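Below, each structure is written out as structure tokens.
Across the two complexes that follow, chain A remains constant while its partner is chain B and subsequently chain C.
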Partner chain A sequence: MAGKGESAGHNRVVSLVSAASELIEIKARLWNGYINVRILLYDYEDNESGPRSENARENTKKPKEFLCRIYRFSYLTLQLPNIIQYFQDFQPELAQRQLWFEYEGVPVKWNLPVGFLYDFLHLPSVVGDIEGSSGRSWTLVLRTQEYPSEYIIPFIYKNHDSAPDYDRCLKEVIVNQLKQSSFVLNGNSRSIMSLSETNSAKLWNSIKTHNLPVYESVNKKILPKDRAQRLPIKIYIPGTATIIQAPISPTKEDKTTSLRDVLETHLPHLFGPKNGNIAVPYIQGVDAGSLLDESLQTTWEIFKHLDNFLYIVVIPKN
Partner chain B sequence: KITIRFVPIGSTPRITSAVFTISSNQTVSTLTKFLGKMLKTKEHVYVYIQNSFQPNPDEKLNDLYHLFKTNNELIVSYCQSVAFG
Partner chain C sequence: MYQLTNEIFNRYITDFNDLILDNLTYINTTSSTHGSINVLNNYVKSVTPTKCICYSCIELIAAKEDRKYLKIEFTISYSDFYSVPKLHFRMYNNMDQLLLDMDQWDEYNELLGMSPDNEEYKKDYTFTIETNELLNSTWMSIHPCETLEVVGQFAETSIMEDDKEKIKALKYLSSWFGTYGLTRIFPRISYRPTFSGV
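Take a look at the complex of A and B:
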């Protein structure tokens, strides 16, 4: 009997250790996840005046193409220096313009993480075709004119050469998102407001340079020490303007809140005993169906983005 | 409908009436446009929730209200320059 107990205890320790190392592995895999992005630049926007030669028309049909890999835990604007450098040979005035990205006619919100943008904009069209889509890239069009300020945040800060200061604009958005999520988590944003200058700079640089250890070392100063008051979660439904952000407590009447609880409460027409589950939640590009009954706080801890929000994309089944 | 209270920061002018009720499905960008009109400015108006963060323009006022209200009002501070770093 004693032997049996010992081995059960031993097994428990082994499984705890392996669970911890699995967690580290999952975090690293998420952090290193990237998306192959193909960026197209047409030159029609700049050739509106004057008759076009046969040659120019030919060029219009064939856009210039820039291929890159962008981490899911990153932002499109961070790629702009490389993109500008590459396309500048074809359109020298590019650097002065407010650049924006378009996906199938829709302006892409640069203030959101790339992994989320891919899941929200592109994933619905490749779901169910996972085999065929692997290795394929996500194609965006780089636009140089007619910045759609109504749909995406304008770049209000300029460098001294009057080119948009993309870095400063992105930094401001991220810091504010971090304050917002911190407020939800802690009931105030004191932890981030009181970060030292050095730590704030470290945090921003770790986001820019994709450095996980540095990012985590500063971010843990922002996160609640023990229990989160509420969880910063955003739920999106592709093709709609629906964004759900609600006060979600990690526990309710001593019961741990699960993803299922949240979906059934806020999207009863898509989830729940009445209608059956007629949609699938995706988190970081992964079908989160198997996480429905797990603790939402644990899922948030593992899958949250750089701004400490957990992004859930709900795709209705066909 | 939800109630919003506008509070100026620093030397930003006060608007005539500070408390408004607004349809809850409006977004933050409606709010900034409205403030721009009230302040008669074409400059960017910065808005802050809980004197700490700027919400994204596409966020719904209803969501922000339920997350960040104080005494059943969503307190929105505004300013014509960046206020809280």
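Take a look at the complex of A and C:
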């Protein structure tokens, strides 16, 4: 029969193991989370002088549509080969053009993770309509002309056949993002800069093929060995130009930093004892209200995107 | 090592902007294109309660018969992630076409002070095309992952211990502008400030 101390130790181990397996399950569920996306291609896109206005669009023939599931931990450009292949029958020139997506008239920034784009652009319109939104897809319009370079990053690299090299452009963006997050986490970008060619290729392929074990095995080499110096966090408020890019210390005066601390510091008009919480933070599509007092480090570890940034979308309550 | 913070940046960016306006010149040499630089627009503004941005729009005009023309917009802001100032820039031709691909710069080599074959330059400078988050639009920048260390070393030689806070900040910003600013990117543009009247 086990003694009292042994039993307490055993319980502690059981609870740690159970917490660890819960964590693994949460991470796996997040990793496999996806969004149903409906991509529309209008006929006028094939016509140089085609109509552009919303009204004109309504009057054109029914658009062609492509339905797909895109992982939250992914990027829109990774879907382009499938999208091009599907629509090419209708528009043979598609592969040569610089393609871009539009959501309700707004160009969609392909350099940001899909999960974040959905939360930032679409979630505000479905929050509070949970029943109605279940199973509803996110509709994007595929544009093939008038690339808005002023607003979204152009695809400057070309393949041998002069078609845009989407992969090279995305890879460069991800590497730059990783350099930035690595600098915040480690105090320098050496870990990503010194990544071997093999590991760099493995990392890129794991992102392309959505392979969690391989991604984690390489990303581990970029992340701090022990404690992060600061945590790379980005906070956005939909419908406004507010973007807070904050390197946050995981502890302050020996106290663990929480999500509440960050929101009260950076958005005192929306969070805090004075005003009450008049907004809701969303992380990976989840209402993060219940995480407000959890350690930010833990929240970052679980919910960070492929570029190692934690994206928080703050939606004011009606 | 001197450390510029966002607060210090906000406090002195207007003074630094004045220094830039007073000291930005176009370098003419006897053997090359004669040109001039004009400031079209310039301001410092707060874009959020804690973030300031300094915006400038300049034009470069070649005096010779080819009358080559370039418009360059640049902004200076403070990167909280890298703890250093950051320059964003973008160029337009006389048709107001945005030139984000370095291959499009070739015909302006002389005006910008680059060698006729700027392949070496292209290799040395890896510009990033990215979203300037404060303005929510596409700009070019030099990735600042080495800025903290490099500018810190340069600034150390010019900043004196008994310099006032303002002079320290302006010397640091000047060292940075010479290393990772406009003058470094475009060799024909010069910025040589003096701090005696500051």
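By our rule, the second predicted complex is superposed on the first by the 298 of 318 C-alpha atoms of A that agree within 3 Å, B and C clash if a C-alpha of one lies under 4 Å from a C-alpha of the other, contacts with A are read in each partner's own complex, and residues count from 1 in each chain.
Keep in mind that, in the parts below, a residue touches a chain if its C-beta (ideal position, glycine included) is under 8 Å from a C-beta of that chain, and two chains touch if they have at least 3 such contacts.
Remember, predicted model here, so these are calculated numbers, not experimental data.
Student: Based on the superposition on chain A, does the combination of chain B and chain C result in a clash or a fit?
Tutor: Pair status: clash.
Student: Is A:Pro224 in contact with chain B, with chain C, with both, or with neither (first, second, both, neither)?
Tutor: Touch partners of A:Pro224: none, neither chain B nor chain C.
Student: Check the residue A:Pro247 against both partner chains and state whether it touches chain B (first), chain C (second), both, or neither.
Tutor: both
Student: Looking at A:Gly239, would you say it contacts chain B, chain C, both, or neither? Reply first, second, both or neither.
Tutor: neither
Student: Please indicate which partner A:Pro81 is in contact with in the superposed arrangement: first for chain B, second for chain C, both, or neither.
Tutor: In the superposition, A:Pro81 contacts neither chain B nor chain C.
Student: Kindly classify A:Gly289 by the partners it touches after superposition: chain B alone (first), chain C alone (second), both, or neither?
Tutor: In the superposition, A:Gly289 contacts neither chain B nor chain C.
Student: Across the two complexes, find the residues of chain A that touch chain B and also touch chain C.
Tutor: Correct list for chain A: 109, 111, 150, 153, 156, 172-173, 176, 179-180, 183-184, 188-189, 193, 241, 243-247.
Student: Within the complex, which stretch of chain C touches chain A?
Tutor: Against chain A, the touching part of chain C is residues 47-48, 80-83, 98, 100-101, 128-131, 133-134, 136-138, 143, 145, 149.
Student: Chain B touches which residues of chain A in the complex?
Tutor: 109, 111, 150, 153, 156, 172-173, 175-177, 179-180, 183-184, 188-189, 193, 230, 241, 243-247
Student: What part of chain A is in contact with chain C in the complex they form?
Tutor: Residue positions touching the partner: 109, 111, 149-154, 156, 172-173, 176, 179-180, 183-184, 188-189, 193, 232, 241-247.
Student: Applying the document's contact rule, which stretches of chain B touch chain A when the two form their complex?
Tutor: 29, 44, 49-50, 52-60, 63-64, 66-68, 82, 84-85
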